[in-house]
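Next, two complexes with subunit A in common: one pairs it with subunit B, the other with subunit C.
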Partner chain A sequence: MLFEILVYGGVASAVYAMLAIGLTLIVGLARVFNMAHGAFYMLGAYGVFTCSVFLELPLSLAVVVSLLAVALIALVIERVCLRPLKGSLEGTLFITLILALFFEEIIHLAFGPAARATPAFLSGRMVLGGTSVPAQRMLVVFVSLIIILGLWLFISRTKIGGAILSVSQDPEAASLMGINATRMIVLVNGIAACLAALSGILVAPFLSSSPTMWVMPLIKSFTIVILGGLGSVGGSILAALILGYSETMVAFLISPRISELVTLIILFLVIVLRPAGLMGAKTEA
Partner chain B sequence: MSHPYAKRAFLDLNYVLAGIVLIILFCIPGLINDPYIWGILVMANIYAAFGISFDLLFGYAGLAVLGFGLFVGVGAYTAAFLNLYLGMPPFLTMPIAGLIGAIFGLLIGIPCLRLKGLYLALASFAAAAICEKLVIVFNDITYGREGLSGLDPISFGSFTNYYASLILLLVSIGILLIIVKSKLGLILKSICDDEPAAQAVGVNTNRYKLITFLISSFMGGFWGSFLAHYMMHVGPGVFGLHMAITIFMVTIVGGVGTIIGPVGGAYLLIIMNELLRGIGEIRLLIYAVITIVIYLLLPHGIVHPTMTFVLNGVKKMLNVLGIRGAEDNGASGDQESV
Partner chain C sequence: MKRMKGLFQFPVLSAICLSIGLLLSGMLQSELQASEKEFRIGVVTSFKMECGTATLKAAEMASEEINAQGGILGHQIKIFSGNSESDPEKGIMALKRLVEKDKVHVLLGGASSGVVLAQMDYLKNYNIIYLAVGPSSPLIAKKVAENYDKYKYEFRPFVNALDVCKTLVGDELSLLVKLGYKKFAILAEDAAWNRGLVKYIEANLPKEGGEVVTTVGFDPKTIDFAPVFAKVTASKADVAIPIIAHSDTITIYKQWHGMKPPFRMVGINNPGMNAKYWEQTGGACESEVNVTWGVILRAKITEKSIPFFDKYSKKYDEAPHACGSTGYDAVYILAEAVERAKSFDTGALINALEETNYTGSSGRFVFDKKTHDAIFGSIEYCPLLVTQWQEGGKFELLLPKEIATSEYQDPPWLK
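Right, the complex of A and B next:
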């Protein structure tokens, strides 16, 4: 039991970290609260489903195609909807929520309301310390670790990463240094959407896809972003671990029916008790 | 100035326009003898009521309460419990539902007092979603996702339902208009524009925010119970994100911070929804796109620009007819439409 909690909690945390880290970056960079983030997760899952089941592409190609498609959608949204709003909070909330509904409707029209199962990338199970875990879940942990490590290297070691950091610290000073802030925002938007889509793609085989699957991931990623502290990547990873393990513990020890309540209660309590989050500076959203 | 259309030019013509709209609304059952249409308008009235209650919080006090569905859902479930388990008639359950809604308004309002913006939106939404999940978990009294059915209807007939909703909506609009035109409305606007400044001149902003929460959640609960009795059914969806987005849409499309705006927004969206029904399931896509386009093109909502347009037209007609007095008004109207 203990080991199962350890493993499944790790899987959940890995998914949440991958889901939220892009949102954390974009919130830190542009203070844009994109409520369509959950929709990218959903579009990723359905993208692979379409490519592999209907178009019969090989799985790796299906993943690439759907990631590119989601990135394209995110960039169009950024250009057409987010940029003209210039960071207006209500406007962004409103437009991105409606966009999420829009994608829900598209999926509903195309695939119907029923849940769909995507073929697993890895079949079979792995035995870890006496518990057998489906290999697909371990793949999620593995991919998530690589992605987070890669992202960290990208931000801390490359010139573009430095530019992103400088824009998030002081956009004006960054633009005086010749950094194109808009281009950085576009780039990070694309990365955030891709990561959300990738987590959707990876969990689709064991959590079936349905048109309303975007809601809880959206809430979870915002919970992580706020719990970790706006814009703090380290805080988000810590928050993802807290969320993943507390949910898994509740699901195993009490009942899986109330595991979704955990996120919501954490979200409410964090906002009310400590809106700055675990590792964030005191800021106003 | 945050809402250019909030300040209206020639009041007299506005009252005339409002009178004409009222007469049309009261005559609709006589003009169109189709209970189906009446039903659509009842839904428009209900969403208009949600919209104006939300507008008090959002448009006046600047509190983006994304979890407004909480009050609606609490009201709806209160009505369902009282009606189904205790056998209370709708005219009793509705005020009680309003009161319970107001209690929840306080429960949410107090911890959220220092929040604004995204934090308030997410905290209130989390509260609503917690209630939704609890309703699903305690399925022995709430019947989970299926919800409770068989509530007593508001009245036994579409004709009386229509008038009940219309008259209650008018009363609600009246109450809210009195509130926003009073000192409270002014204070709320000042809190919305600059809270520290309002505090600096001695306004107890927390108190007024709580009063707003109370009024708005009372109305939300009351109309939530109206919705439950009208549909004769209540499910956990009333708490959910779709309800919240619909209320948001109604308010923003109609015009934020105007009270009258959301009424127009509700009628526009509900009627548009019905008109698009003929083209099948794709209508929701078109609906979403139209809403986004309206918002991007008319950020102040659709009602006041339309009213200004109509009134300018009327003014021009009056000028052509050579009626004195219209000219002075017209000048200010022109200025405003620039």
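Right, the complex of A and C next:
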């Protein structure tokens, strides 16, 4: 049982990390709580389903097409909905929530309410420490590790990454330094949407796709961003591990019925005890 | 000459009004005469559920056939529909509209037990018969038995969940016990409908030689079943008995198939009771054993089963749902009862329906006089079917033995 917790907890943490990192970048950079973030997760999954099952594209091509489509949608949303409402927290919250509900309805109308089965990228199982794990689940862990490492290198070692950090820390100073903040925000929106879509693409083969699949990932993303500290990528990774393993341990050792409560309890405790999050600045009176 | 009063002061105008009046009354008379030659069936069901849409399609197909043969006692059947949206209040409103506005003569449908239980309270006032297709709650039969005078208008040519329990344990699980698999784990979603069923299995499976080693409950909104399957594996069960209706069963089977744990899946999977399930799960339902009823696969339950299956499949480009064949049979049961009673009178029809002995596509329908439930669970009446998806997407019938098309097969990784 312990090895199963280790493996399945790792899978959950990997997915949560990919979902949350994108959101924390947007929150840190653009100060926007994008409620459509979960919808990108859903659109990624349905994109691959449509491309591979209906258009009969090879899976790898289906992934690329789906990611590009979601990124394009995210960029259009940024330009048309978010940029005009810049500075209005309530405005961006509401408009992105409406968009998320809109996408859900579109998917519902196009595909119906029933869950859809997406083909797996890998079939077969791996036996680790006596535990049989589907290869598709291990793929999630490997891809997530590569993506997160790649993103960290991009942010910390490249000029553009440095520009993103500058804008997130002090947009005015960055602007004075000649950094185009708007362009950085557009880039981060695209990256965040792709990360969310990729999460949906990777889990769809074993979790199925349904029109309401965006809700829990959105709640978990926000929980992780708040737990980790707004704008902190390292904090989001740590928070993803905490949430992923907490849920898995509760599900395996106590009951699967109450594992979803873990997210809500953690959210409550963070807001009450440490609102700045694990790696955010402490708020002083 | 006395001065004419009122409209008759104006002779031309009054002549015109009189003519219009006569014309309208003639038209109205014709309308009444036309509707009197119609036998109106109101299909009140939930079009959110596949059962509902299948019931309507089947009712329309049956009515077309009967009308082509001259109708019922010279009356052409006309179908009207109302959508309950699986909500009791909306179900009552739809029922009222069908009776008061569309002036239907009988009702058919239901789909959801909660809706039908609410609608039953209106039948006596409207003096109208209701053939319930879709709801399986034992409470429906209990209502009729305990208050016959008020609820005698309801008849159910559909399965009672208690019949399903008996077939599940006595036939389906017993089959696995006879093959040497003795340890069972119950996998039940948290829902009111299956609590009695879980208790029934725990109490009666040992009588068949099986042992319930664990019962694992889960929230219907669960999406990751790895912990659930881990508990079943830890219990060393040979067989998991899924008792599921509202959960995402496609995900359950995909994950079961992906993880390939050392247990079989043999139970009740309500969403899986359709011929499209192989395609919906991408083949992950291979070796799943389920209990179902009606003509959902091309099997010769009666002489009428395969012709019905073929015609429905061709007409609607899909295999029928369980509510499809029972809905189709319900219209014929009604027609046959009217022919025997030689009357559309509700009282006469109730008596005629109680004497029903009709062989339809789903089986031979005989109603219990106390509960007005059709007898299900026996090859002599309407059999319950134990089905299995097998390699290559073949949907096979394991029981009853008399009409079986194949034998049980283990999951590929356990062979």
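Basically, the second predicted complex is superposed on the first by the 281 of 285 C-alpha atoms of A that agree within 3 Å, B and C clash if a C-alpha of one lies under 4 Å from a C-alpha of the other, contacts with A are read in each partner's own complex, and residues count from 1 in each chain.
The rule is simple: a residue touches a chain if its C-beta (ideal position, glycine included) is under 8 Å from a C-beta of that chain, and two chains touch if they have at least 3 such contacts.
What you are looking at is a predicted structure, and each value in this text was computed from that prediction instead of being measured.
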item	value
Combined model on subunit A: subunit C and subunit B, fit or clash	fit
Which superposed partner A:Arg257 touches (first subunit B, second subunit C, both, neither)	both
Touched partner set for A:Glu90, first subunit B, second subunit C, both or neither	first
Touching partner for A:Glu105 - first (subunit B), second (subunit C), both, neither	first
Subunit B versus subunit C as contact partner of A:Ala115, first or second or both or neither	second
Touched partner set for A:Leu278, first subunit B, second subunit C, both or neither	neither
Touching partner for A:Met126 - first (subunit B), second (subunit C), both, neither	neither
Subunit B versus subunit C as contact partner of A:Leu145, first or second or both or neither	neither
Partner chain(s) touched by A:Cys81 [first = subunit B, second = subunit C, both, neither]	first
Subunit B versus subunit C as contact partner of A:Phe33, first or second or both or neither	first
Smallest distance from any CA atom of subunit C to any CA atom of subunit B, in Å, after fitting	5
Intersection of the subunit A residues that touch subunit B with those that touch subunit C	257, 260
Subunit A - residues contacting subunit B, complex	33, 81, 84, 89-91, 93-95, 97-99, 101-102, 105-106, 108-109, 215, 219, 222, 226, 257-258, 260-261, 264-265, 267-268, 271-272, 275, 284-285
Residues of subunit A defined as touching subunit C within the complex	1, 4, 8, 12, 114-117, 119-120, 125, 132-134, 136-137, 205-208, 210, 213, 216, 248, 251-252, 255-257, 259-260
Touching residues on subunit B, where the partner in the complex is subunit A	58, 64, 66, 111-112, 115-119, 121-123, 125-127, 129-130, 133-134, 137, 241-242, 245, 248-249, 252, 256, 281-282, 284-285, 288-289, 291-292, 295-296, 299
Subunit C residues touching subunit A - in the complex, by the definition given at the top	190, 216-219, 221-228, 230-231, 234, 248, 250-251, 254-255, 258-261, 271, 280-282, 284
